[in-house]
Every structure is written in structure tokens, then in C-alpha cells.
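Next come two complexes, and both contain chain A; in the first it sits with chain B, in the second with chain C.
Take a look at the complex of A and B:
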């Protein structure tokens, strides 16, 4: 199952069968049908290399980190910190002090909102987000605005699901302190012009917080090239375990910020009179971290580097084009989000069929999709739909699987319409 | 689970679809004494329930809102079953349907039409759709009505 794709000016091939063989779960059946997993924007599957790394960690090295003097603790610490270095290289951060382990994107954004927001926002200041944000990039900012008296502004989008950059520019002012937006929309697949937006935000002196949860599994990320101030993402959407994520932040900003949580590991010394906080990145990692998750994330980085993100992007783009053409031929199907620059997400509704009913019928054919509002209720209201069906791809998906999705939708029509 | 899964076509075509088609005919009654809204954040189902309560009896009830076929079918069956029932019976029937759908407990006679929802048991994420109308109603007839939600947390 080698599929030919074009990358830039040269044609190459992507060995889908080989990568699929790395993901044990893809061999299982659901409702007696081969699993077609198209819910990757919610959570991706794990290759055996990640599963084995976590397994080996617990079998051979498990201990607490940064604490004991014994061999296992040394090994656990080395594995944990090696994962941090892998992530640093993966996103091209300048140093490991700028790579904070979190539970995931949500915690990373909450960390910035609570810590940076409390220290830097006051009444009359503005936080700018966009209409296409996930709830996790809306609610933390609402909360901190409520606490500080800052005002939340929202940049509109067009009917294709693209940001209106003119409006974005007009909403920026000397009152804007923080600009938070996603790299890629989880509900639409729209790819935002991050570098350009960062530059515009910096021009008014605002800091930028990028929700990169949907971008890291699909394209190479260079935080220094983007020049963003913060970049948040989750391990479980990039083939690593759940419960681990990353907050990248520029050192000078992280140093200005108070700790997010207090506890072990984030301190140098503690007395009842005064506590001296630890250096970066430990200052933001209170308590025993998700060590096995970090090890798994490191293994996922190794895996993605081996497969090659450029090859992944090119292959997924070919799937996107194929799927777009196939799905748009389905009678009554309306695509929600049709941005010019988009990644492999198909969000759609079907005339006369509720997304949840479609999801159940597809599941019965072995096809796993997400249905509902995708934690983007304001976006669904903008498109005047209660929710959508979302098929989201990863590099282990195939054209044949897209065909199975289309066949499943024919069954939906047969049963419901 | 797979072996026990009923024929999905059966679930939808023969029963649910027919009941759900009647949803638009179960509009809010002319006299409304109680209103309550319910939602299912997991899928976006939303029901606005309007109730005409005479003393402790349900004189009439109806709905507005946007929801899936299973939710609409369940709402229609509830409206038909509970017309003329007392508040105490409404609570009891709601509890019995919940026990039937979750644990396969027997259904009382007046709830016989809801047996067609049995197939939903094989799709645990859809139980909340079937139960939303009933949970909305029971909150509506509580002394202090609250907003009904069948899931406390939505997944990303």
C-alpha cells in the first residue's frame, strides 16, 4: 500500500502499509468491520515504538525524578530530561529551559492565562482571541479577564472559516496585551497564518499564545521562526500517551511569570518565612510529573522524525484533496470550513440527518468519526449548525478508508432519508 | 458488545424514525405553567420543554429544539405516555426507563412503547440522547427546576 504523492517539485512515495504496521490498534475490528479510524483530531493512535517505550520505562526504570540518588531515579531522570531535549529539537526551541511539561494543551494555556495574565493584565487591558478557538483557548481567558477587569475581544471569520486579517489588525491596539489563537482549527482544519499574526501582534506590543494542538502531528513546527511567545500542544494528538503536553515559552517571559502551582520540584529552598523558586523549567513543574508520558512523548518525537514530517504533510495533503473531491460528491453533504489553507479535517453536515445519528451509523460500519460541536460552540453558532460530523486524518489513513467513509454515508442516506 | 448489537437498520427504520417524525407535532401547549431547557453537550442536542401542569397532573407538554432522531423519538413517546399522568408517576416512569436502558430492568406497562429504545443500549454514548427529554422533565417538575444536562463534561 505505497501511495505516490508530490512533495514540492519532486514526486515521492509514502509507504502507508509500513506505517500502519506500526500501529497495532489499526488491525482490530469494530462491529465486525475493519476499524477505519478518522478521529485523529480528538486523539491519535499510538505506534508500538511509543507503547514499548512506556512499557520499558515501567518494567526497567520506574522511579521518581530529580530526587533520589539511586540508580533507578537517575535513569528515570535521564529518560525524562532526554524527552525534554527531544521536544526542544522537535520544535526548535533555543533551550530546554523553554520547554515545560504539562498535562496537555489545556493546562498549558491555563498556565499562561493564570500566571502571565495575573501578573500583566489589569482593568482596561485587552485579550484578543478568534471566533474559531477551542473552548480551552476561550474559557481560560474569560476567567482571567473576569479576575483582572481586562476585556476579551474576538476576531471574526468568513464563511469559508478563515480569519479576517483586516479585522484582526483593527482589533489590535495599544490596549492589547495578549493575542491567543490556534495554529490549526480543530473543528475546521483551517491553517492560520501564524507568523504574520505574531508579527502584527508584536507590532502593538502584545504577547502571542498559539494553540498548536492540531498542528504538531501534521507539519514541522519551528517556534523560533514563528517568533511566537508561547506555543502549547498535547502529546496524545501526536501519537504519544494522554496526560502529557508541552508549553513552550520564551525564557524572558517565563522568568517574569510567577509559578502556576506550588509544591515539590518547583522550589530551591522552603522555610515558613520564605520560599525560593526553582530555575526554569522546574519552576512550572510542581509535583511528580507524568514521567512515563514524557518518555512516550520522546518516543513519539523519534517516530515522527523517522517517518518525516515533510513526507507526512505531503501525503496528508494528497489525502485531503482526494477526500474533498469524494465527499463533495455525496448528495446533501455540506462542508463546514473550506479554507484555502487547510489541513486534513473534513467537517460537514448532511441535509435531513443529525450528526449524532450519522456518527452512530458510521460507527456500525467500522468508521470512527467525531460528531458534535467539537468544543467550539461559538463557531457552530456562526455556521448555524448544532454540530458537525468531523472526519480527521492522520498519516496512517488511506484513500480506501476515505472510500469506506463515503460508502458509510451512502448507508446513512439509505437508513435516514 | 458486537454480538449483542441489534440490527441498526431495525432500530432506526422501523421504530425511532417513525416516532421522531412526530416531534414537530408535539409543540408547546397553549397554556404553559413550567418551562425547562435541557442539553447534551456531548452532541449538541437541545430541548426546550413546555409543560401545562394542573395541580399535580400533566395536562399537556410539548417541545422545541434541535436534536438527534433518538432524542426526538424519546421525547414524542414521553409526551404521549405522560399526558394525564401525575408528577409522581412522571418521576417514577423516568426512573424506570433509566433502569431499563442502563441495566435491562423490566419496563412497566405504560412505558411499553419505549421498548423500541432498547437497541440504544448497545451504543452507550447514545443513552444520553434517549434520556434527555425525561431528565429535562423531571428537573422541570422539581420544586426548584434546574437546567438539565446529560453529560457534565464535553470531550475535546
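Take a look at the complex of A and C:
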């Protein structure tokens, strides 16, 4: 199944059989059929390099970080901080002080909403989000707006699932304090013009919070080039373990923000009269962190750097074009989200078949897809669907697997119609 | 055969005839098509069973006895869920509250090789339906 893909603009070869061999789970069967894993936007699989890094950490180095003088604590601290440096390089942040470990994207956004929001929002201020946000980039802002009296504004989208940039610009004003939006929509795959949106938000003096969860596994991210103020993402969607994520923030903003949680490691000195908080990034990492998760994330960064994100993007783009053409030929299929600039996500509904039926039947053919509202209920309402079937690809997926999806859909039609 | 005439035992026997999942699901989908009509006017917030993926509506009441009997009506917008509802109706409907409470519904679904639909994801609407029927029976 070696599949070398040469794309038009870049002569990139990509050995998909070689990368597949790195992911043990891809060799398993479900319902006695080879697994076709197309639910990568929910969570990605892990290469053995990541699994082994976590395994080695627990076998050889496990101890608490930033605390002991003994060898294991030194090693654990070194591994944890080395992972931070890897992530810094991965997103091109200026310094490690700007790279904060969190549980994931959700916690990262909640951190900004609670800490920055509470300090900087007051009655009459506005927070601007978009119609295509994941619940995790809606609810934290609703919560802080309720607490501070700020008003939540929502930028509309068009029928293709693209943001209306004119409306976006009109919604920005001197009242706008925070603009929060995703880099790539989890439900539709739409890629938003982050750099342009950041520039527009900055023009009215607002800070920008980018939900990058769906972007990091697919393309190279340069936070300094994007010039965003905050960028949040999760490890588990980029081939690292669950329970670890990143909040990138510009130093001067993080310096102004009060801590999110209190506890160990985030303090310099504690007395009952006054506590002095620690320097960045420790100020935002109260308690024992997810050390093994960070080590796994570092290994995932190494892995992605080795495979090469440019090659990944080019290969996935070729899969997107192939899948788009194959799926659009399926009778009765309606694609939800058809943006000009999108990643390898196929969200769709089928005439006469509920997403629940499709997901169940596909599962029995070995194909794993997500069905439902994808934590984007407002977006589903916009498209007037109860939910969709979403096939989301990663660089280890193949054209043959897309064929299996299409065959599975033929089976769905045959069984239901 | 109309749905109302089918017993749990017959249902289990019928499923045993099938060799693979496809035949099982075809039969299940077929059972769903035989569900008694559920009036559109009864599809409201009170009858709606909250679930993540598909929509389910259900009315459950106790028919005066003796003996008292549980009466169920339900519908869904998904074919497979309609089939699962049909199974539920065969097992539970027109039974006494005592019979409902004594039924090992998980066991029935396991035997039908449909166990994943009710046991894996407790957040689905189907699980909520079973809970609703059981609490009605317990209160009778």
C-alpha cells in the first residue's frame, strides 16, 4: 500500500505505508474488518514513538517536577521543560515563558476567559466570537460575560460555512475587548484567515484568542507570524496523549493576568498575610502538572517535525480533493461546509438516512466516523440539520480508506432505502 | 407478523437465525418500520427523550388493572433507533410493572448482539428511555 503522492505545486513524496507502520492501533480489526479510522478531529491515534516516550518516562524517570534535588526529580524536570522548549519551537513562540501547559484546549480557553476576562471586561464591553465555534469557545465567554456584564457578539457565516469578513469588520468596535475564533472549524473543516482577522481585531485594540485545536495536526503554525495574542491547542488531536494541551500567550499579556488557579508551583513565597506569585509560565501551572503527557507531547512534536508538516499538508490536501470528488458522487449526499479553504474534513448528511444509522452501519464495516452535532449546536441549527456524519482525516489515512467509506455509504443506502 | 404479536422468545429465536450483522440489522430496521404510528402532535418537549445523536419521543402509561399493564409508544427519526424501540416494545409493552422490573433488558440486548446500543454510552437517548420505563413501573 505504498502510496507516493506528488502534488502539483510541491513535488512532495509521502510514504503513507511507512507512517502507518508507526501507529500500532491502525493494525487492529473492528467487527472482524480492518479499522478505518476517520475520526481524527475528535482524537488522533498515537505513534509508537509517543507511546514509548510515555512508557520510558514512567519506567525510568518518574518523579515530581521543580521540587526535589534528587536525580529522578531532576530528570523529570528536564524532560518536562524539554517538552516545553519543543512546543515553543513547534509554534515559533518567542520564549518558553509564553508556553503554558494545560489539560487541553478547553482549559486553555477557560484560563484566558477567566483570568484575562475578569481583569479586563466590564459592563458594556464586547466579546466577539463566530457562528462556527466549538462549545468550548462559546460557553467560557458566555460565563465571563454573565459575570462581568460584557456582551457576547457572534459573527455570521455563509452557506458554504465561511466567515463573513465584512460582517466581522462591522462587528468590531472600540467596545470590542476580546475576539475569539477557531483557526479551523472542527465541524466543517473551514480554515479561517487568522492573520487577517487578528489584524482587524488589533485595529480596534482587541486581543485575539485563537482555538487552534484542529489546525496543529495539519499545518505549520507560527504564532509570531499570525501575531495572535493567545493560541490554544490540545495534545491528543496531534498524536500526543490526552490530558495535555497548550496555551500560548504573549508575555506582556500573561504578565498582566492574575493566576487562574492557586496552589503549589505557581507561588514564589507564601505567608498567611501575602503570597507572591511565581514567574511565567509557572504562575499558570498550579499543582503537579501532567508530566508524562507533556513528555508525550514533546515526542509527538518530534514525530511531526520528522514527518514534516509541509509534506503532511500537501498529502492531506490530495486526500481532500480525492475524497471530495468521491463523496460528491454518492447519491443523496449533501456536504455540510464547502469552504474554498478547508482541511480534510467531510461533514455530510444523506437523504433518507439519519447520521445515527449511517454511523452504526459504517462502524460494522470497520469505518469509524463521528456522528452528531460535534459540540457545535448553533452551527447545526444554521444548516438546519440535527447533526452530521463527519469523516475527518489524518496523514495516515489513504485513498483506499476513502473508497471503503464510499462503499460503506453504498451499503447504508442499500440497507435503508 | 405484526409487532404486537411477537414475544420476546420469538424475537430471540428470530435473531438467532441470522449469521451476520447485516441480516440482523436488516431485520431490526424492518421491525422499526412496523412500529405503531406515533402521532406527530405528541412529539413535544414532554415526550422527547434527551439523547445526543438521534431524536426519540416516548409516551409511557400504566393501564388500569387488574392486572396493571405498562403501555408504551415511541418513535425516532433514525431507522436503527426505531428498530431498537421495536425491540423495547416487544419486551416491555403490555407487561405488568412487576414483569418490567424483573426483566434483564441488558441481557436481552446482549443476546440479540445489540448490547452496545444500550450499555456503552449511557448518555444516549435509548438508555434514558429504559430508565424512564423502569421508574414508571416502580412507581405503579
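The rule we apply is simple: the second predicted complex is superposed on the first by the 408 of 417 C-alpha atoms of A that agree within 3 Å, B and C clash if a C-alpha of one lies under 4 Å from a C-alpha of the other, contacts with A are read in each partner's own complex, and residues count from 1 in each chain.
Methods note: contacts are C-beta pairs under 8 Å (C-beta built on N, C-alpha and C of every residue); 3 or more make two chains touch, one makes a residue touch a chain.
This structure is a prediction, so every number in the text was calculated from the model and none was measured.
Clashing of chain B with chain C is the outcome of superposition onto chain A. Once the two complexes are overlaid on the shared chain, A:415 sits against chain B and chain C alike. Once the two complexes are overlaid on the shared chain, A:357 sits against chain B and chain C alike. In the superposed model, A:134 lies in contact with chain B only, and not with chain C. In the superposed model, A:372 makes contact with both chain B and chain C. Put simply, more of the residues of chain A are touched by B, taking chain B and chain C as the two choices. In the superposition on chain A, chain A positions 31, 354-357, 359-361, 364, 371-373, 386-387, 415-416 are in contact with chain B in one complex as well as with chain C in the other.
In the complex of the two chains, the chain C residues touching chain A come out as 21-22, 25-26, 29, 52-55, 77-81. On chain A, the positions that touch chain B within their shared complex are 30-32, 42, 106, 134-136, 186, 354-357, 359-361, 363-364, 371-375, 380, 386-387, 415-416. On the chain A side of its complex with chain C, the touching residues are 31, 353-357, 359-361, 364, 371-373, 386-387, 411, 415-416. Across the complex, chain B meets chain A through its residues 2, 5, 8-9, 12-13, 17, 41-46, 66-70, 123, 126, 129, 154-156.
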